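Below are two complexes that have subunit A in common, paired first with subunit B and then with subunit C.
Now for the complex of A and B:
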């Protein structure tokens, strides 16, 4: 008996379930539009700080996390034995680690006074995630090369699409490859970037567009901003982490096991994950908004 | 402003040092408990007829498990601080209580995982349970204490807006991710499959045939902890220490100049690490050479 093969999923779309998912998402978006109508006119509609736009931003953030997870090269248990390329841990866990490190940076930037704006906060989160993945991916190769004497080799591509290095002859016998070829390193960094970006976007809109305003204006006896901010930060942080994990796990199920990065044939499954994470984010988003807005 | 930056850099260095110790202790703890991906081989071996005395407490991956423990430690510490208890005492009590939870987790996980292998003739060794659990608890204590202390520095001294428990979740998961990514291959390939060729991956056909005998008698997980603490542990520590240090340092120093400062410096670091990674990759290709000659199409 050898390693049990993982269940294989195709790259095709299941239109029936996609349709049902998209219908649920549209229903939620419609409900929020009716429930919290944006101000009249085009400018009112595009005004970022309304709850309807917050839900849209949460959906976009969730989809960014879903795509980002597909970039992260994860080899799971076979990678821990040098049997397959990638980082030797789980997809959702690694994406979670990188995205949350990004969220840490983004949340710190969001605390700057005066508010530095959504672009600075989101980029701070994205770069935080990318930096975490860059360091981790480099150390994977440090361990493989300097501690185990094994060069990096891809199992899915004959030639590294970025560097043009041939891969096949660097695979040791009886394995699918090992370590992180440069394309996988780049995939990891891009994955961390998108994950950090999505997670921080969700955090920022929940904090600045939903929680602070709602907690200030609601039936809490007109509290001061200083009293409300810690509660809003905690709530937004909890929901951002929760949404991050929901989307990372959903995308991990789409990947089924391991992926080498953007050159892996499994990468072509990302459109499915975008639809699934967008629907899940809409469902989770209405709960995150409803907890203070009702 | 300068005093603030100098103090910030000092705190950043302290947090980086704590993170380095945390990473090293975390990886050693997970290797003794086979918490990372190599647990699949520990579990597979008896099914292939290789009965062993390796500890296995993997019922969750390292990142979620450490997310739980560090968040728990940080939460208890935060609650004690809110009661007005001294910081050091709060940190120690929080970590001790969390370590007890980790001990319960390790015990039940080992019994559950190994008992499931009964039909393959794998016994539950009570002496292994007694001797390994306490050692993983000791390492977990160090990892949790240092991470919670680091989170406390970020929250109280560096002014991060997240409350202590939330920082615990974030950095606990990141600690587990960095430790498992860096440390797992060294434990899985280099220790469990020490009988395979050095400088090559484990052939799929060898799966399950882990090394079960030590210099004297049967190998147990303390031997594995001793081995991985020489390379996998320190490398995981440096990895996590670098993540924490650079994340804090670029913000503390460059945020004073411009809000875009930390972002630009972060991007520069990403490019620098990409260059280093590429150097390591090409160095390995040149130094070790291919396994087989290139087949021309």
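Now for the complex of A and C:
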């Protein structure tokens, strides 16, 4: 039995594989363009509620989730023992919590009549995710400082990039830092904001641009659009949860374990995650759109 | 470059488990079609059994993947499985009788692309990554389809999204109170997710034994089946739902006792603790 506990997670980029991934994405975008051609002319192309633009929005939403996960300070098991900074759980759980909280906020806003528009809904989701992470980060620090009796100190940066507070004096020997420094707190809130924004964008475009727009009621043979609204909400919600978890776990695989926040050297890996989550969102997005057409 | 941190030793080979899980799950899910043939609802319990077949296979797949130390915790693999599985499963339900086959094929395609992204684009460089994530997506789709068939008696999108028949004698075709309409599928999603990620997470370590993990996987699957059977009272006749609830409880109790027996076998020491008695007259 060998003793390497965790994969190092390769550094650099595999350009060949990235190219194959981007080719898959372009092929899917082209397939949707042919399958559901947008109305002719420039205005038809830019009309937001065509299905082609919905796929683009899903890809953008997935990439936002992928970036957002990199901001969240994930400590894992070492953080639970006060030996590493961050929130003491895994990436998938943390991103899932923030993203689903954001999705609930966005779904609440999307149910308002008349439709408040994509920006209000997406911002409601983004603020929901950010609020969830802000509350989580605050109580993590309350527990670290008042229950475990340890100060917040980063292990990866000598000076906090925002406040300028020195870190090394407070770091205990033999640890990688502990607690949740201010930069990690800010990273958590930004990560929750981006994750909630991406998840809600996917939910909104699937619901309003694809399912409610007569297509689902035609596919089901239902007499009126209003009859299938519960089905449309349920489908959009399940596809949004599925897409969110896929993208969050792929981003977590990119981080391979723990990350302190935007000042961590691992943060520089985000371009790989953007490519991977965009391709994954395109693959899952065409399936989510296809349910109204087969 | 990653190094395997736990050796898979002994037990049933993974390929045999995969074939048994895939075939068993597909056959059991198709057996729920006997409901349509005999126009009754007695066969719904086979959907749950199909899901349990897939979950047992899935626990071993998670073991194969996570023995490389993916660094993000065992539950993340289960979340990826169900997240990609639900996407494939929902589209597959539109294909009527072909739904389980389409779910397997579609989930395999999605899983293979996700595995390629994780292994090559994100540079995880784990030899079993692509195959494992492909299997996990199939397992997620099959377990969701099995539980859905158990709750409603159908694996068809029309069956999942409509309620037919009457309430207080009024015949009515409705969408709002259906399996999809009240989003019971979200509950089923997390019941399957807990059942797939718990077994290896709970039994990993130096004293890991395959038979103990597989019995625990079956136990978790039947525990989820009990919850699905309770929810199926809303969609099925009282008698059919009662039968599937009784079968679920009996199978759960049997697998639970087997798991406790194996835990006692593998434990270093076993002490039956008694409740602490409070001294009287304090």
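Criterion: the second predicted complex is superposed on the first by the 279 of 294 C-alpha atoms of A that agree within 3 Å, B and C clash if a C-alpha of one lies under 4 Å from a C-alpha of the other, contacts with A are read in each partner's own complex, and residues count from 1 in each chain.
Criterion: a contact is a pair of C-beta atoms (placed from the backbone, for glycine too) under 8 Å apart; a residue touches a chain by one contact, two chains touch by 3 or more.
All figures in this text were calculated on a predicted structure; none of them were measured in a lab.
Asks: Consider subunit A as the common anchor and indicate whether subunit B and subunit C clash or fit when overlaid.
Replies: Superposition check on subunit A flags a clash between subunit B and subunit C.
Asks: Regarding the shared-chain residue A:63, is it in contact with subunit B (first), subunit C (second), both, or neither?
Replies: After superposing on A, A:63 lies clear of both subunit B and subunit C.
Asks: In the overlay, answer first, second, both or neither for which of subunit B and subunit C A:210 touches.
Replies: It touches nothing on subunit B or subunit C.
Asks: Answer with first, second, both or neither: which of subunit B and subunit C does A:230 touch in the superposed model?
Replies: both
Asks: Now for A:189: first (subunit B), second (subunit C), both, or neither, which partner does it touch?
Replies: first
Asks: Based on the superposed arrangement, let me know which partner A:76 touches: subunit B (first), subunit C (second), both, or neither?
Replies: Touch status of A:76: both partners.
Asks: Quick one: classify A:253 as touching subunit B (first), subunit C (second), both or neither.
Replies: Second partner only, subunit C.
Asks: Residues of subunit A touched by subunit B versus by subunit C: which partner has the larger set?
Replies: Partner touching more subunit A residues in the overlay: B.
Asks: In the superposed arrangement, which partner chain does A:96 touch: subunit B (first), subunit C (second), both, or neither?
Replies: both
Asks: Based on the superposed arrangement, let me know which partner A:157 touches: subunit B (first), subunit C (second), both, or neither?
Replies: neither
Asks: Now for A:238: first (subunit B), second (subunit C), both, or neither, which partner does it touch?
Replies: The answer is both, since A:238 touches subunit B and subunit C.
Asks: Between 117-125, 207-215, 243-251 or 261-269, work out which stretch of subunit B sticks into subunit C after superposition.
Replies: After superposing on chain A, the clashing stretch of subunit B is 117-125.
Asks: Taking the stated contact definition, name every residue in subunit A that is touched by subunit B in one complex and by subunit C in the other, in rising order.
Replies: Residues 1-3, 76, 90, 93, 96, 230, 233-234, 237-238, 241 of subunit A touch both subunit B and subunit C.
Asks: Any idea which subunit C residues touch subunit A in the complex?
Replies: Interface residues on subunit C, with respect to subunit A: 1-7, 68-73, 75-77, 79-80, 82-88, 90-91, 94-95, 106, 110, 113-114, 116-118, 120-126, 157-158, 161, 175-176, 178, 180-183, 185-186, 189.
Asks: Contact residues on subunit B for subunit A in the complex?
Replies: Listed in rising order, the residues are 36-41, 47-48, 61-64, 159-163, 166-167, 169-171, 173-174, 176-178, 180-190, 192-193, 197-208, 231-232, 235-236, 238-239, 242-243, 246-247, 251, 255, 259-260, 262-263, 266-267, 269-270, 273-274, 276-278, 280-281, 283-285, 288, 290-295.
Asks: Which stretch or stretches of subunit A touch subunit B in the complex?
Replies: Listed in rising order, the residues of subunit A that touch subunit B are 1-3, 76-77, 79-83, 87-90, 93-94, 96-98, 100-101, 103-105, 107-112, 116, 120, 123-124, 127-128, 130-132, 134-152, 163, 165-166, 168-175, 177-182, 185-186, 189, 229-230, 233-234, 237-238, 241.
Asks: Show which residues of subunit A lie in contact with subunit C when the two form their complex.
Replies: The touching residues are 1-14, 17-18, 20-21, 24, 76, 90-93, 96, 219-220, 222, 227-228, 230-231, 233-235, 237-239, 241-246, 248-250, 252-257, 272-273, 275-276, 279-280, 283-284, 287-288, 290-291, 294.
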